[in-house]
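I'd like to ask you about the structure that follows.
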Amino acid sequence: MSADEQTKLQPRIELETIGLQAYFGETRAVHGVSLRMPRHRLTALIGPSGCGKSTFIRCLNRLHEEIPGARAEGQVLLEGEDIYRRGVDPVLIRRRIGMVFQRPNPFPTMSIYENVASGLLLAGVKDRRTLDPIVERSLKQAALWDEVKDQLKRTGTRLSGGQQQRLCIARALAVEPPVLLMDEPTSALDPISTARIEELLLELKKAVTVVMVTHNMQQAARISDQTAFFLLGDMVESGPTDAIFTNPKDQRTEQYITGRFG
Amino acid sequence: MILLVTGCALAVLPLLAILMHLLREGASSIDLNFFTQVQKPVGELGGGMAHAILGTAAQVGLAAGLGVPLGLACGIYLAEYGGRERLAGPVRFALELLASTPSILVGVFVYGVIVVPMKKFSLFSGALALMVILLPLVARTSEELLRLIPQHLREAGLALGLPRWKVILSVVLRSAWPGVWAAILLGIARIAGETAPLVLTSFGNPTFPRGLDQPSASLPLQIYTYAISPFDEWHRLAWAGALVLVFTVLALNAITRLTGGSNERRRAD
Amino acid sequence: MERQIDIEIRALKELILNMGGCVEKAIEEATQALILREPQRLQRVYELETKINEHHIQVDEACVKILATQSPLAADLRWIVATIKINTDLERMGDQAVNISHNGERYLTEPALKPLIDLPRMASEVRQMVRSCLDAFVRKDLALAEKVLEQDDIVDGLKNEIFDELRNYMVTDSTSVSRALNLILIARNLERLGDHATNIAEDVIYALTGKDIRHGHS
């Protein structure tokens, strides 16, 4: 078997947590989670509200620690490098790990164009010849280009909810992060917008490693390759999505996905 | 309902009365001289308020130049870092006390700290007193306004790999700017009309100030000087000065309203 | 907490139990008619088969409804998938009972070829398998389902013995051919019933454990 075939069979691990713990003050919200998120795969995090899955995903780009009193322990390896190592600048980490949030949050004072380019604009890249192709590529990747190409100067907040969320995805993609985190990206959207974003995610994961928190079990089942179930700060079980949804190993996973609690 | 309307009318009445009276007494005295001449010796006809207008402009400008950045810095510190900093509580408390201090006490304070050691009244000390009044206004309102900017916008910026200071300036402050700008204008309008602290600091001056360390006239003080004099000519100028002062303050408020209004329209989208 | 899906699954379970009862009864009537030489019992088999076919459709409709409206997952999903397959097996079992009746009807028009010994044993073994696999399904009894798989080997063995014995009759006595052939067909029908019971047992094991053990799959 050639090395190439081997990597195909055993996908490279893009992001991995080892004993990750997250605290709010003295309260421990995530209790030592170890999870591997393979390259160019979509990993879904499911679990009832307050199970720690959102906190977990916010540790993956060191956003958790921005909350006063919050901190994380353990390791998060991005392509083998611990992003919690002393001396690592979280700002640089966040350029490599994009994030899309539950509520669409385009910058209200910026145009659609500026929103998409904001990661670069605010980092000092002002040259239109550099920005134009990036804005176009990102909007196309986010399947929004055709809808907004004639109104790039308009405010981003005038778009519909689904369009705003795709704008946020384009904004995150513009800085070309190898990893994209999504915290319930469709929970504020209608079914059609949701379907569009799911379709988009299937396309995106060919180039980007995606980690997504979702409350929608059917969504996790539809589009993820790997699913991890969180409960009360622990990761109860993780595995291939079809296995989790047809034959979970843990009783608690079974009870949650069949709707017996949560 | 009728009671409410009557109440509102009673509330607006004094303002209208003041404006009418000022217009009647002062409008005729506003001419070119008013804006170009300084105080004339008693008995001479004419004279104007140029020195007072300039003095007020200089003192308010200086106070704003110092107070606005400092106030914004305080507001940003309290809103954006206040949650995790021990210093935030005391700072907020101090600003609150400062905001509710009678302005004459601010004057006394600056008198004690600046005027007495320097052994003279000065434009600079007047500006300083006005700044001390402006700073808590800008700080407290900008803090409140920055707090209104939803957390998820900050997170959006941070998640893009922007440093915190950049997120605060380019995203948070920019989003809150229309409101903050309004707060700054209102603050300036407020200090432009302050009289009490200036009596003990810039003191007043019948002619143009010759330096920052020299006593300076100001519109409110000059009105006071003219008004308590026994001379009709000066009374006339006092009315005109009062009219200019009131309209300046009104204009500032109006500008605030207009910019604030456009801000609300944008939010509603 | 009882979920909507629990209510619907309970109703579906009752339907499957009724259907299974009809199948058991049909097999009993068909084999007893043969063993006791009471052809009047066969009419009952045809009536039961009509009932089984009605159940077949009802169960399918109920399964589709649960799939469409409840989006079952995990154990619920496996249970529904197993039910759909069990439903098909039960319907086929009804058909086999009818086949036994047809073959038995022809056999009973002539005098007995020989005293039936292995065939009644086979029939009782098969009836027990059918009962066990349905009980295992309803009671979620894994051990019982696994026992059904072992019983299938006994049934296959009995069928081979019956085939050998009847072949000897046909070789030695040409007048026995049509009766022996009917008995061979009946043994074959019983063996098929055993296979369907085995299928059901395998579906039960899948529903309970998520393991697919068919065709030596682990």
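In this document, chain identifiers A, B and C correspond to the written order of the chains, with residue numbering beginning at 1 in each.
One rule holds in what follows: a residue touches a chain if its C-beta (ideal position, glycine included) is under 8 Å from a C-beta of that chain, and two chains touch if they have at least 3 such contacts.
Just so we're clear, the structure is a prediction, and the values are computed from it rather than from any experiment.
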Which chains are joined by the largest number of contacting C-beta pairs?
A-B
Could you name the chain whose Cα mean is nearest to the mean of all protein Cα atoms here?
A
Using C-alpha centres only, name the chain that sits farthest from chain B.
C
Could you tell me the distance, in whole angstrom, between the mean C-alpha positions of chain B and chain C?
94
Centre-to-centre distance between chain C and chain A (centres being mean Cα positions), rounded to whole Å:
51
Using mean CA coordinates as chain centres, what's the chain A-chain B distance in Å?
48
Multi-chain contacts in chain A: which residues touch at least two other chains?
none
Which positions of chain A touch chain C when the two form their complex?
217-218, 221, 245-248, 253-254, 257-261
For a test of understanding, state which residues of chain C touch chain A in their complex under the given definition.
1, 3, 5, 71-78, 209-210
Chain A touches which residues of chain B in the complex?
83-84, 150, 152-164, 166, 170-171, 174-175, 177, 266-267, 269
Quick check on the complex: what are the chain A residues that touch chain B?
61, 63, 66, 68-69, 91-96, 98-99, 101-103, 105-109, 118-119, 122-123, 155, 157-158, 168, 171-172, 175, 181
